[in-house]
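Next come two complexes built around subunit A: one with subunit B, the other with subunit C.
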Partner chain A sequence: MLIAAPAIAVIVGVFHQALPALGWQLFTKRTNSTGIQNAILGSLLFLLGVLIVAGTIGVGAGIYLAEFASGRTERALRFFSEVLAGMPSIVIGYIGYVTLVVEFHWSYSLLAAVMALSVLVLPYIVKTTEVALRNVPSALGEAAAGLGLPRSATVRQVLLPPALPGIVSGLVVALAISTGELAPLLFTAGFSDNDPTLHLFHHQVPYLTNVVFTDISIPGARAHATAAAAGVVTLGILLVLIAIGRILASRARRNTARMSL
Partner chain B sequence: MSEMPAPTMTEPTVDPSVLAATPVDAPGTPRPVDAVFTVEQLAFFYGANQALRDVSLSIGRHEITALIGPSGCGKTTFIRCLNRLNDLIPGTRVEGRIDFNGSSLYAPGVRAIDIRRRIGMVFQKPNPFPKSIYDNVAIAPKVNGIRANMDELVEECLTRAALWDEVKGKLRDSAFSLSGGQQQRLCIARAIAIRPEVILMDEPCSALDPVATIRIEELMVELKSDYTIVVVTHNMQQAARVSDRTAFFTVDVSEGGRTGMMVEVGSTEQMFTAPSDQRTDDYITGRFG
Partner chain C sequence: MSVAVDRRPDPASAPRLPGRARRLVRAHRARRRARLSELTRPDRVVRGVLLVAAIIPTFALAFLAYQMLKYAYPAIVFNGWHVFTTKFSLGNQYSTAVQVRHGYKAPKGAVYGILPLLFGTLISSLIALFFAVPISVAGAILLVERLPVRVQGFLGIFLELLAGIPSVIFGLWGIYTFGPFLSRTVYRWIADLHIPWLRGPTGAGEGLLTASLVLAVMIIPIIASITRELVRSVPPLAKEGAVALGLTPSETVRFVVIPYIKTGVIAASILGWARALGETIAVLIISGDLLGAYPHSIFDPFSTIATTIASELDSALTDSTGMAVHALAEFGLVLLVVTLLTNLGGRLLTRRFSAAGLPVGRGV
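Then we have the complex of A and B:
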């Protein structure tokens, strides 16, 4: 009840405030008019970028931690992963600004934003990948070892396939987390009333949470309604991602249950 | 081109004096003439805990050797020394000597994965991979680069494991669609697909019903013309039915710990009719264990 009530209150409240702005123009007009098309595209672009950057690095590190690392490397990797997990998102944004935007001369850009978001969700992906692999019954690893399969082939062909639903569901939830983030982006993405481009550097990118943040502080009912509408779309993306994550997670659980005969 | 990758061990040179030096066979037992394994004074440690001591025996080629004894007597630990599967557990240590075809199994430079390709294993619970029936058999030959006609190889192995007739129409189905007994025979087919010399079986029937158990036992007897088989079993009737030689293990609790040890080894007939050690007799006649 204590959990359900605020969740429902937020969804209903945001939806109610967004009502005047809801309509197809949201998806067909840009933020300089009555829509948020450019912000939606930018947010989706971030998701794709995070999937590529954090997905590759995070899943790779998770596999390494679960199956290959030992001793000092394992402890070091775990330590840094925990440090990152505890890092406030605003600090990640600020560090991204100082290094990527200023020092590397990337300016406000797609890549700087994607990197900042990726750093934020990386520990989560590492953890879920590691857990998914550890949940694969050890009998399978023993069977593979008993056949003289090398470690790499064991991981690739025997352990990864059953762990895949769990890994992907972790990825999806990580994307969901990054969808609602604002702090790391304030310092790295910039904003633009134009549609985002695929340029990695020097081109500012519009995104949904920025619309919420900015329009709420502009006086006037229309701006407030647009802010709420951007919130509704963000929530929509979030709910879709969470639903996909849950479906995959339940598939992962069924997989594991079936294998532990 | 269906050759195995070059093994790192040298070919067998069985030194007769090594066999003659094994002291624990019951008197009057014919020793295996051609030993695949010669084990001398093997001891095994999990960290500081000694799990096994005083194991000395020879395992004959194309024979079935049964390892019997009460729970916790180190049978499973011992059989896992024979293919170096215990290497996977950190902090474990082996003392003594195991010769495989005349060369030390634990010598430096001998790679465990090469050993395990020559010494297959079937586990207590059937543990097929979450793949199709076909892929379960084909995976190890594929990874090891065996270039045989894979369809023929899969059929041959499934036939050999007495499973072909039951699965030939559904090779692409999941291995989990099979019954427990069928899964265990699939695991046997998977093990023989890389043409090992030895098959180790760790209580292969303990999770199966009596009918499935009999099928596996029949299969073991058929397979011994091509393979050397070592089987751990809790079931003394099973040892009596299938094995040529039997080794009896027990637990020594005298020094406060629980250390498994081998008591005696001999031909199965002699072990079940006239064991030379009182502890074996007590176990076999059901006075303990």
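Then we have the complex of A and C:
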């Protein structure tokens, strides 16, 4: 009971706090009036960016570690990826600020934010991709090699399809993690009351967790309700992503179970 | 007269693999060489591209570490060992007076001591562990040993849900709902007992205890989910033996299950601790963020290394000597080393129990 209670308490508590601000105006008005439309769009834009940057790199790295690497390099690369997973998110935010925003003159921008988020979730994607590929029964790969299929074709045509649900599930959960993050974005994304643009540099991007964080410290019930409403929307996106991830993960388990028979 | 010692291994006593094993090892190496040379040209291209991707996490780590050292260096030289003995103050940033030490300038009156922040970081994370470990372990054991599988799966969903809630939401909940609730009820009652450290004004629910409790809630899913797997891995034969010897269920847990999972629980707690050490946003919102203050009671506001970096970077940027930004980098470096060491330690310990290694350290 003690394990189930906090999750329910948090969700109910935030929802209750948000009640006065919930409504369609959240999605149609911007943060300079009563909505959070621009912040929602910004957060979704980050998800897209993370999918492009961390998704491609992470899945590629996972495939390499599972299928192409051998011995010492594999161990070293995996070790450093795990070390990166333990990096405190505020340190990533600090480095993102002093290097990307200041040293590289990107200023608060979409690219700086996406880079910081990507470093954060990259190790997670690498790990889940590698595990998904390793869960494919080895007989499949051996049979393909026995038939003379080149290694890259084996991976693409034989090993990747059954591993795909597992890989996508990892990606989706990584996106869920990045939806709720604030520390790496605090000094890289900035904020704006306008809708986000696709400019990579020099344009500040509004996002949901920032609305939660700043509106908490603005006095007045209206701001507090908006903070909680932004929290509810964040939780909503997150729960949908986690649900998708779970469904895909169970499908992945069924896939591999069927094949090993 | 000296006796010549033959340091070469004695061929008769050196452990030699039996002939069959040696042949197998040699054949395995030959196969591996053959496999790599069998790569066709497109294979090599694909492998090369993927290798670039695989190196990026390592590169990112090296880049972060290098930049952190580069930015912290002036502060390390300026502070020397004082960083571990003094208090924290950004100094008078409105005057142009500066102090110079070892060739580096800082505003007059500025001292960059990490001690109060380190204290805040350690005390809040340890109080969190104090609450989270017993709850997680008891919960996991009850879940596996007492409840039917269907209910286990159902409660498991809540555990995953809790792991997925982001820290800013925990902050929101802590400051609006949980903190005020505790302050109105439990805290008032505790404070009336007049125990040292546990008395004094309880405020509106911000402060050390609320922050620690929220941290505890955040690390319960990490500790509980690993402990759950550990309890499931206890060999049934040992438990059946205990039952056959006439032990009651609670005695079975005490004498069979707990000894079996002890090391694993320690590893899980270390992983949870690593998470609590690096947590920023939730603590920043709930702690009251009183910069560089030592809490005098468990209800007092305080600050941690992570919250100080988050809240002070803005002010640090106004420092014309630039030393404040470097000092924050030095703090970040200390946090980095502490967190990475705890995290790695926990991971190495858990790897003994779960082959896959758990993707923990960061929500979900």
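Assume the second predicted complex is superposed on the first by the 260 of 261 C-alpha atoms of A that agree within 3 Å, B and C clash if a C-alpha of one lies under 4 Å from a C-alpha of the other, contacts with A are read in each partner's own complex, and residues count from 1 in each chain.
As a working rule, a contact is a pair of C-beta atoms (placed from the backbone, for glycine too) under 8 Å apart; a residue touches a chain by one contact, two chains touch by 3 or more.
This one's a predicted model, so the numbers in the text were calculated from it and none came from an experiment.
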Fit or clash between subunit C and subunit B when superposed on subunit A: clash
Touching partner for A:A4 - first (subunit B), second (subunit C), both, neither: second
Partner chain in contact with A:E142 - subunit B first, subunit C second, else both or neither: first
Subunit A residues touched by each partner, larger count belonging to subunit B or subunit C: C
Subunit B versus subunit C as contact partner of A:P150, first or second or both or neither: both
Stretch of subunit B, among 6-14, 42-50, 132-140 or 222-230, that runs into subunit C once the two complexes are superposed: 42-50
Subunit A positions touched by subunit B in one structure and by subunit C in the second: 150
Complex interface listing, subunit A residues touching subunit C: 2-4, 6-11, 13-14, 16-17, 56-61, 63-65, 68-70, 76-77, 80-95, 97-99, 119-120, 122-124, 126-128, 131, 150-152, 155, 173, 176-177, 179-183, 186-187, 209, 212-213, 216, 224, 227-228, 231, 234-235, 238-239, 242, 246
Subunit B residues within the subunit A interface of the complex: 83, 85, 88, 113-118, 120-121, 123, 125-131, 139-140, 143-144, 176, 180, 183, 187, 190-191, 194, 207
Residues of subunit C defined as touching subunit A within the complex: 32, 36, 38-40, 42-43, 45-47, 49-58, 60-61, 63-64, 67-68, 71, 135-136, 138-139, 143, 155, 158-162, 164-173, 175-178, 217, 220, 224, 274, 277-278, 280-281, 285, 306, 309-310, 313, 325, 328-329, 332, 335-336, 339-340, 342-344, 347, 356-357, 359, 361-364
Subunit B-touching residues of subunit A, taken from the complex the two chains share: 137, 139-150, 153, 157-158, 161-162, 255, 258-259, 261
